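Have a look at these structures, which come just after this line.
Okay, so chain A shows up in both of these, paired with chain B first and chain C after.
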Partner chain A sequence: MIEFKDVTKSFKNVDAVKGVTCEIRDREVFGLLGPNGAGKTTLIMTMATVYNPTRGEVFVEGHSASAEPDKVKALIGISFQDPKYDRILSAREILEWHAKVTGVEKGVREKRIDEVLAKFGLTGEARKRTWTLSGGTKKKIENAKVFVQRPKIAVFDEPTAYLDVPSRLMVWDMIDELRDEGSTVVLATNMMDEADRMSDRVGIMSRGEMVRVGEPAALKGSLRGRDVIEMKLGVPIPELPGEVSKVEEVKEARFEGDVLKIVLSNGRGLLPHMINVVTAKGGTVQSVNLKEPSLEDVFLYYTGMKLS
Partner chain B sequence: MFFADRYMIVIMFVNFMIDLGVSGLSLNNLLSRSVGFDYFLYIAPGANLITATVAAFQSGRDVWRERIIQDTQHYLLTLPVDKSTFAASRLFSGMLRAVVTVLPGTVVIALLYGLSFPFFLVSLLVMFVYSGAVAGLSVAAASMANSLELFATVRSTVQVYLSFFSTQFYPSSILPPAVAAVSAFNPMTWAVQSFRALQAGSVNLGLLAPLAGLSGALMVVGFMLYRRTMNY
Partner chain C sequence: MSAKPSTLSVIRWLVERDLRTLVKSPFIIINRTIFFLIQLFVFAVLVSRLASSLDFNYFDFYSVGLVVSTITSIAFIIGEDLFEEEELGLLDYLLSLPFGHSLFVLGRALGGAVRGLIYVTPMMVLVAYVDGNLSPVGIAGSLVVIFILATGISGLSITLAMLIRNANRFDITIALAELATVRVSAAIYPLFYMPGVLQPVASYSPVTSASNVVRAIILPASYSSGVYDWVILLLFVGIFFGLGSAFLFRKIEGGKFE
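Let's look at the complex of A and B:
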């Protein structure tokens, strides 16, 4: 288990992480969500012993990250958002060195490296210097470090950034495998579909604070009453948002291009009435879409960000 | 990976031979009569120590790449390696790499000086200890500098200090008094003198001890400053 107890990390006068208290359970995939600059990476670095908390403490499997960093580091493997390795080296050299330093037994090292390289389709490029490779390939190598290491606690920061769809699915499968083998996975991501599909629980960070933690389904349920109706109109009519906002259940209405977006409770029940209001004002409805709250909506709601 | 720059040994050896051949031979013809000794043999260890300087400075370049260019320090700090071990290994690897790099040049000088095998081993030890001083200086510079310009300037300054404020080119007796005084605090002076003492048939502990002291001090400075960059 990973426990964050009132963790604050400040750089000069800026609090990158503010009073975070939460737990990450054994063998779960914990999605860490938050906009850029929310403090996700700082929180991860604090857990990984790279940053000393300004206040509070992180415990990993009962070991204090501040007092027993070597014990904590022995449990963790991190795939960084931007590849962090010497690009003068080849993929095989990077993986061999990483596996050796992180204590992967000599007997299984080569076999594991071969397997991971083959899964990522990198066997043919394994001996090329990595500075010559594409961004997606470099990212695969960054992820491969953790899959070769198979740590007790695996941390992935945006693991599928720069990757094509087949590679993305491959990474998801491999993360599932890691979890099934007994690893705890921390998944920092901005991709809501990824978090929704992969995570047993998610934590949402905003401006350095952990604003919500829970299972994706439960968090989506917490936004019941925030359905969204999207009406594509032939011609946008500027006064329509104001008109539909007169309905008590409507919480927000605005145009996004030629789509009228209405946030309301009981969207299913009020859909016909909304269409009537729009058509009564001369609107021509070309298509209608009713959306129940998604994890994206949960994210936007709790981070205080606007729909875009 | 230790020699990721695969042609480094060859390049360094060619540089050494150019220094020794062009500078040594031409200056020998100009100076030997006026100084009263074989200037070619006098300057030879200095050429090799300059090669060692370049190779050992690679430690600082590695730290610079890690901190600024490749931005890999956070990754390295997540590995199960104690920070102090990590800092010490940067210095030690620089020393080892320098010794391996100057091995061909040291063989050449050993042949020129007619050193016995035990003295040849002592000459490698001199190279190793001297490289510690350079590795310490380079790591200290790379740990403090936050711009490429500053790092490059410090590197050039260190090379000027090692070459021209030492007895690499001239004995201290003919150096200007101020330069002679400064040269006593220069590891190059003690390394090059230790090397020359081998030609005279002695292992001079009076020369090796100051070299070890200076190298140790500079390594501690490099270690402390580099270790400090790991604290966030």
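Let's look at the complex of A and C:
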């Protein structure tokens, strides 16, 4: 288990992480969700012992990250957001060195490297200097370091940035495999679909603070009652928002251009009624869209910011 | 799950990483070798003819100093590497690996020294040959002295890399530091002929001490060294290894905001 206890990390006058308290359970995929600059990377770095917290404490498997950094680092493998390795070296050299330094046993090292390179389709490029490779390939090599290491705690910072769709799916499968083998996975991302699909639980970070932690379904459920019906009308009728607001379940109604946006509970059940109310007042409904809360809505609700 | 590697293994792997990058940059080796050969067989030969009226053999004196000054220049490169690694964020990766920060500094300083040693070993053998003392023991002893100096210079270079934030300023500082350590020393000219104001500084230079000791080994009939040369060399290594570690910690902890 990883425990963050009131962790604050300040750089000069800037609090990059502010009073974060949360737990990451064993063998779960924990999605760390937040826009760039939210403090995700800094929080990861305090866990990885690269930065000491200015205040508070991080415990990894019961070891203090400040007092026992070597024990903590031996448990962790990080795939950084931007590839971090010697670009004069080849993928194979990078992976061999990383595997050695992180203590992967000699007997399994080569086999594992071959397997991971093959999975990423990099066998043919394994001996090229990595600076000559594309951005996506460089990112695959960064991810490959952790898949070769197979650490107890695997940290992926934006693992599918720069990757095409097949590669993204493969990385997700490989992360699932790691978790199934017993690793705890911390997945920092600003991609909602990735966090939603991959995470057992999600922590939402904004401006250095952990504003909410929970299972994606539970977080979306916490916004129950905030379904959105969007009706595109031929001609906007100014009195319609007031008219639909008379329905008890409606929390908010307004026009955005020629689209009537209604925030309400039980949107699915009330959809036919809302169409009736609009048409009874002379509205011509051209199209209807019902949106139930997504993780993006959850993020927007708790942070007041759009991730994108 | 992974087993924790031993301290010696970590140092070996950090040194290995430096060597792997060295092997991938053959032009640097070729460039340094050509420079060395021109300095030895053109510059040193010419100047020793000009200085033939003096009471010592300048070619012999200079040849040893050239090896010492070459290792000094090469050992400074480690700071440039570290500065670049910090700019590229590679330092975060290296510091997240399962070994302590002090071990990291030690490994990098030794890596810089070993890399330098690989450059200059053929040069040292050539100099021992042209100076007429091709003794394996003498060469090995000289390489030990050179290695100690290179470790200290690497520490100094790491310290500067940790202290200076701006790339241009760092390049200028490293160039000046290299110039100062080599030129304000007895590596390429005797202390006696230096300006009076620089003589006291140069006499405490680790480059002077290393040059003195290596000359005493390769050219024992003409030169000698004292205990103080060893004291200066070892103090230099200790001070700059300590400072390099301390400033590395400070830099990380005061670090950048991402």
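The rule is simple: the second predicted complex is superposed on the first by the 251 of 308 C-alpha atoms of A that agree within 3 Å, B and C clash if a C-alpha of one lies under 4 Å from a C-alpha of the other, contacts with A are read in each partner's own complex, and residues count from 1 in each chain.
One rule holds in what follows: a contact is a pair of C-beta atoms (placed from the backbone, for glycine too) under 8 Å apart; a residue touches a chain by one contact, two chains touch by 3 or more.
Every value quoted in this text rests on a predicted model; they were computed, and no experiment measured them.
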| item | value |
| --- | --- |
| Chain C versus chain B on the shared chain A, clash or fit after superposition | clash |
| Touched partner set for A:104, first chain B, second chain C, both or neither | second |
| First (chain B), second (chain C), both or neither touched by A:85 | both |
| First (chain B), second (chain C), both or neither touched by A:172 | neither |
| Touching partner for A:152 - first (chain B), second (chain C), both, neither | second |
| Chain B versus chain C as contact partner of A:16, first or second or both or neither | second |
| Comparison of chain B and chain C by chain A residues contacted | C |
| Chain C-contacting residues of chain A that also contact chain B | 45, 48-52, 70, 73-74, 76, 78, 80, 82, 84-86, 88-89, 93, 97, 101-103 |
| Interface residues, chain A side, partner chain C - complex | 11-12, 14, 16, 37, 41-42, 45, 48-52, 69-70, 73-74, 76, 78, 80, 82, 84-86, 88-89, 93, 97, 100-105, 129, 149-152 |
| Contact footprint of chain A on chain C as seen in their complex | 1-5, 9-10, 13, 16-17, 20-21, 24-25, 88-90, 92-93, 95-100, 252-258 |
| Interface residues, chain A side, partner chain B - complex | 45, 48-52, 70, 73-74, 76-78, 80, 82, 84-89, 93, 97-98, 101-103 |
| Complex contact set, residues of chain B against chain A | 1, 4-5, 65, 70-72, 74-75, 77-82, 231-232 |
